[in-house]
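Below, chain A partners chain B and then partners chain C, in two separate complexes.
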Partner chain A sequence: MNLYVLSFGFGLITASILAIASVGFTLQFGVTNILNLAYGDVMTGCAFIAYLVTRAGGSLAEALLAGAASGALASYGLNRFVYTPFVRRGTRMFGMIIVTISVSLVLQNGLQGIFKATFFSLALPRPSSYTFAGMIFTSQQFVIIALAVVAMLFVHALLSWTKLGRAMRATAADPELARSCGIATDRVIDVAWLLSGALCGTAGVALALNVTSFTSTAGGQFLIPIIAAAVLGGVGHPYGAMVGAVVIGLSAELSAAVIPPSYKEVVAFLILIVVLLIRPQGIFAEVATQKEVVA
Partner chain B sequence: MSSSMQFYISNLLVYLGVDVMACLGLNLQFGVAGLINLAFIVFQAAGAYTAAVLTLGPSTARGGFQSYILGAHLQFPLPWLAAAVVGGALSFVVGLIVLRRLRTDYQAMVMLVISLIATTVVTNATGLFNGSNGLALIPQPLESVLKLSPVGYQWFYVGLTFACTILVWVIVRRITGSPLGRTLRAVRDNDVAAASLGKNVTQLRLIAFVAGGAIAGLSGAILAQFISAWSPGSWLFPESFVYFSAVIVGGAGNNMGAVVGAALVPVAFLEATRYIPQFGYPGLVDALQWVVVGLLTLGVMWFRPRGVFPERTRRFARPPGSEPTHE
Partner chain C sequence: MSEQMLSKLRKSTRLALACGLTAGVLAMTGGAPVSAAPSTIVIGNFNPFSGADASFGPEMVAGCQPAIRLINAGGGVLGHQFSCVEFDTRGDPADAVPAANKMIATNSSLGGILGPSADEALATVPILEQAKVPMFADTGQAFFDKSSYHYFWRITPADDVKGYALALWAKKAGFTRAAAIFGNDAGSQSDVPTLLKAWKKLGGKMVDNVKLALDQSSYRTEIEQMLASKPQVIFTEIDPQTAGTFLSELQQLHGLIPVLGTEITLQAPWLKAVTGAIGKQAMTKYITGMQPYAPTAGASWTTFNTALLASKSQVPQPSQWSSDPYTMTYYDGVVTMALAMLSAHSIDRGKYNKSIMAVTEPGAGKTIVHSFAQGKAALAKGEKIQFVGAGGSIAFDKWHNSSGAFEAAVQVKGNVKIVGEVTANQIAALTK
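Right after this comes the complex of A and B.
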């Protein structure tokens, strides 16, 4: 029993990181319709920025801020200088998937070229551990969970109560109609990239914080669970992504208590595939069904 | 020609044949049928493992230093045929899951996930195909029968590979040039319109998927028996992208393009540059190679999005008196 409680604790942390990342991923996809497979590598880039900040004596808060800011800038820049020009040139969905994978390869291997293929860890003081209801957390892991909760509340508040959030939802649902209602969709799309990038950067730093060491492929590998969580929830649906993150994160860690831990991701992915067989549009279907990718 | 030069050239030619085959298979799926099979390399790997275990003999042989399932000593060309069958059968199963109900973008993502599941399972289930160490000492076809010199055998293998490549080329041409090929393109360009004309979209996609998967399996068998070893490191997810890159550079939807792309991207970039001197720290050249492949793909997508050999769109003369009523 104890083992399950302990695994549940691990699952909460994985789910937290996953929630931040997949909400960012899905938000951007919903608003812009670009399946950004370079997302994980932007995460890695932000983790490296955080690493440099901590090496220079920065605190965890500074590292997180730097990570979020660089993620926002990188995502914005990627869209502005790579993706949008391709879309304007008439690259369609098939092509855009290839474009984002190319960017992913360039980023990942560029980072590896710069930082070498070795292991890195954030230069932060060793965190103290706490036992909480049978689960063990470090102070840093509490930070991760708190970050996820804050990020989720923030996204929820933004989407439900602000004009910008409503504009984002309108753009996601029907860009043409949103434009004819006077919404500056280009501006909304820019904001979506910035916001998604900030979440991406935060998740990247959280990922680096949670593992003992990371490499230039860390984010790329984490992209798969992110996609699984986003698809599970119905791509483009932030609340779905939150649920998806919890399902994927918890099922992965809890299954590790029963079967060899190296299979924990496989279990999460199999859940994804089974759910998709039953509900091809993900758990939350309303947005996803109405929306076809630009093709 | 010195024998080391002959080895070098024959190596490249075998890689070329294998990559051309794989690109023709992927082009059928991606270029012609519009399926973004990001797990393409998994089907090549399936063929490679099939050929390996069907030639290695029982796993207790050689002191049982590697463990695997289904050990057998099948005569050439049975292992290659089996590899194609396994590649096709696995495609059929995956296709049934992925192609039936999912949207195209979901399909791409699920294929990516499947690629990762396959790598994780094969790496960790050591009893399956010897885990992350992979299979080694895979026997080469007819090597013990022919008794050729090492160089002679290299050239024999080149011939064997090219014979298969030509066979694949003929089969793929038959498919793409037939009404079936036209229907596949129609499904790719507008699946709703194709469905409304009574075409069974899922079945058509499944046909292209299985045919491509069988070709991938065959190419894997040829590759694994040539290098005599096969491990999860040979078929990580980015390897699928190399083939995508090749098909795009060559011209998606055009078989000639697939051949040229195979010669340009996997062979020229990844295989031939393996022989350039390493500089910097170990791994830098490999990392840069991938950066170049990524930039090359982006460049082609930007400057020549339809590739070096764009797909030819056929135009048919309209019968007189059947002008469209609206446009």
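Right after this comes the complex of A and C.
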């Protein structure tokens, strides 16, 4: 089979996980302007929840649901009980980044303290492999790709056709104006974090499924490509994050077919730098805006 | 003189008398509390306990704790008890350097350390050397093969020696075409040059040589490229998470081929990560590890293992470390330091460091001892000793390195089973 076709297929899997993760990440930033660097660790926490579910005999579907639910609750709780109090006390963007880094360290070390410094795998049966259009996928990878497609369609439908989606876009664009127009921005922000948290949890389970063995640092290590995908597409723009995820995911795998694989991450970030040099706001954002955190 | 001045004079006189009496009492007692307890000697466990290499730390503790258990049960050293204290380097020189400085500055009773690992050795060994801290390092970096550090001791084989062992075993097993899949970290890459050299010398062909970026979410493209070159066996040293991902993807895409790894392949975290990824049957059938020859038999090992299993409250699931050669070398390092202190009649680091070689090297008329208690008893009688550790004989060369034979092992039903050996002579023949 042609190596490039195979690599394209492999890249789709990475891009799918990145898409679910980066859309969630960018939603959080888009609505509240909080660069949540604990995002990867929440993903890891949800992977551990999925692990416990599968160890108790749960199926993949149950593990994904549990991961999404725990991600939603964790993210909602983080925003409401940790981040929002800081913002209301006047902590500005840079300060909030430090807060999220602290939360990340607490989560990572907390998970390591509970689960110890060892490795875990979801207790699911080994999947079969299938060949499709010259590419090889397992049944679980088909599920991941399907999940990514469904999640993106859901986000698109929500933002385009629902009142809530319009309210989220309004809050993201100008929270003060949105408030004066009667939009309950507090509630919108809560829903945004619940939704983005669900995506975060789903991505965490998908990542655990893909890497097969994971530990308490797995999500944290995946955070950089997530941010890269979000920034490439234009931070705060879900469609941009989707495109960014595809670019980063595909370029990483395809480059490994051409250059030494130890540089595959470098290629993805080189693309990011080149795009940002030409369009500093990212692919989809109209203009680079400077705004403060929202609570 | 006014009443006020007289009162002040009486007060100052009383104060002076009180100070004088106190000074007198202190002078008589030597300025120390009457019943002073000797300080506890701290053995620093200087390794990653968090971060990507967090699995190194517990492996070290599993060696230190049984050693101090036996030392303290044997009455300690010169009236001092021992304790193991963890100092987390986080596997990063940027964190390890401040950790080393803090460890030295805040522990006046620091007797010696286990570590550093390859993650932080280059940055911290000079600091430890300057502070005269004897260190039983677990770094395999070739840089230390011929270094001039007086306080640096290594009883784990250098990484470059592992390359020879891998090549010899693969040749013995009848393979001729191999792929080298090593992590792009310094520790793993230091195995590669000698592996390539030895494999070529033995007539083998290295059909692919990949520097793998660690902890990626996918290696499928790398796997397809490797398989296109048709290797019969994979030589490898990659961390547990990377190994789990790589091998499960290899299994999914095309099925596994024989894998021959370094000692990391036989350590509990790697075994856990990869068994979870590919299953127990595949582990036994396809994965072989080469580790320093450390037979789980003999008086020294039995003493170590009994103490290890008794250390359940400090070492979770202690039996997982019973056959771990690194854990054995950590145990041997602590016991060696303790015996060296006894031999030198001093816990002063600068003084006892010179005795480390004396208590381990063979020699005519020496009493061979297999435990701290035996060593202490022999030294008390004025005998010269050779300590043979749980990991076997320790024979330091002039650069303070001691390495020996290697054993090939597989994982069978949760236990490591030795399947063969590569002797020190065979390795020596390749290094000429």
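Note that in this section the second predicted complex is superposed on the first by the 285 of 295 C-alpha atoms of A that agree within 3 Å, B and C clash if a C-alpha of one lies under 4 Å from a C-alpha of the other, contacts with A are read in each partner's own complex, and residues count from 1 in each chain.
Note that in this section a contact is a pair of C-beta atoms (placed from the backbone, for glycine too) under 8 Å apart; a residue touches a chain by one contact, two chains touch by 3 or more.
Source: prediction; values computed, not measured.
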| item | value |
| --- | --- |
| Superposition on chain A - do chain B and chain C clash or fit | clash |
| First, second, both or neither for A:R89, with chain B first and chain C second | first |
| Contacts of A:L158 with chain B and chain C, given as first, second, both or neither | neither |
| Which superposed partner A:S7 touches (first chain B, second chain C, both, neither) | second |
| Which superposed partner A:V106 touches (first chain B, second chain C, both, neither) | first |
| First (chain B), second (chain C), both or neither touched by A:I224 | first |
| Touching partner for A:A173 - first (chain B), second (chain C), both, neither | neither |
| Which superposed partner A:L124 touches (first chain B, second chain C, both, neither) | neither |
| Partner chain(s) touched by A:E265 [first = chain B, second = chain C, both, neither] | both |
| Chain B versus chain C as contact partner of A:T215, first or second or both or neither | second |
| Chain C region in steric overlap with chain B, selected from 184-192, 238-246, 292-300 or 418-426 | 184-192 |
| Shared contact residues on chain A - chain B and chain C | 109, 112, 116-117, 260, 262-263, 265 |
| Complex interface listing, chain B residues touching chain A | 30, 34, 36, 97, 101-106, 108-110, 112-114, 116-117, 120-121, 123-124, 238, 241, 244-245, 248, 281, 283-284, 286-291, 293-295, 297-298, 301-302, 305 |
| Of all residues in chain C, those that touch chain A in their complex | 49-52, 54-55, 57-58, 184, 210-213, 215-222, 224-225, 228, 240-241, 243-245, 248-249, 251-253, 268-269, 272-274, 276-277, 279, 316 |
| Chain A residues within the chain C interface of the complex | 3, 6-7, 10, 13-14, 17, 109, 112, 116-121, 126-127, 129, 136, 138, 207, 210-215, 217-218, 221-222, 252-254, 256-257, 260-265 |
| For the chain A and chain B complex, residues of the former touching the latter | 35, 37, 82, 85-86, 89-91, 93-95, 97-99, 101-106, 108-110, 112-113, 116-117, 224, 227-228, 231, 235, 260, 262-263, 265-266, 269-270, 272-273, 276-277, 280-281, 292-293, 295 |
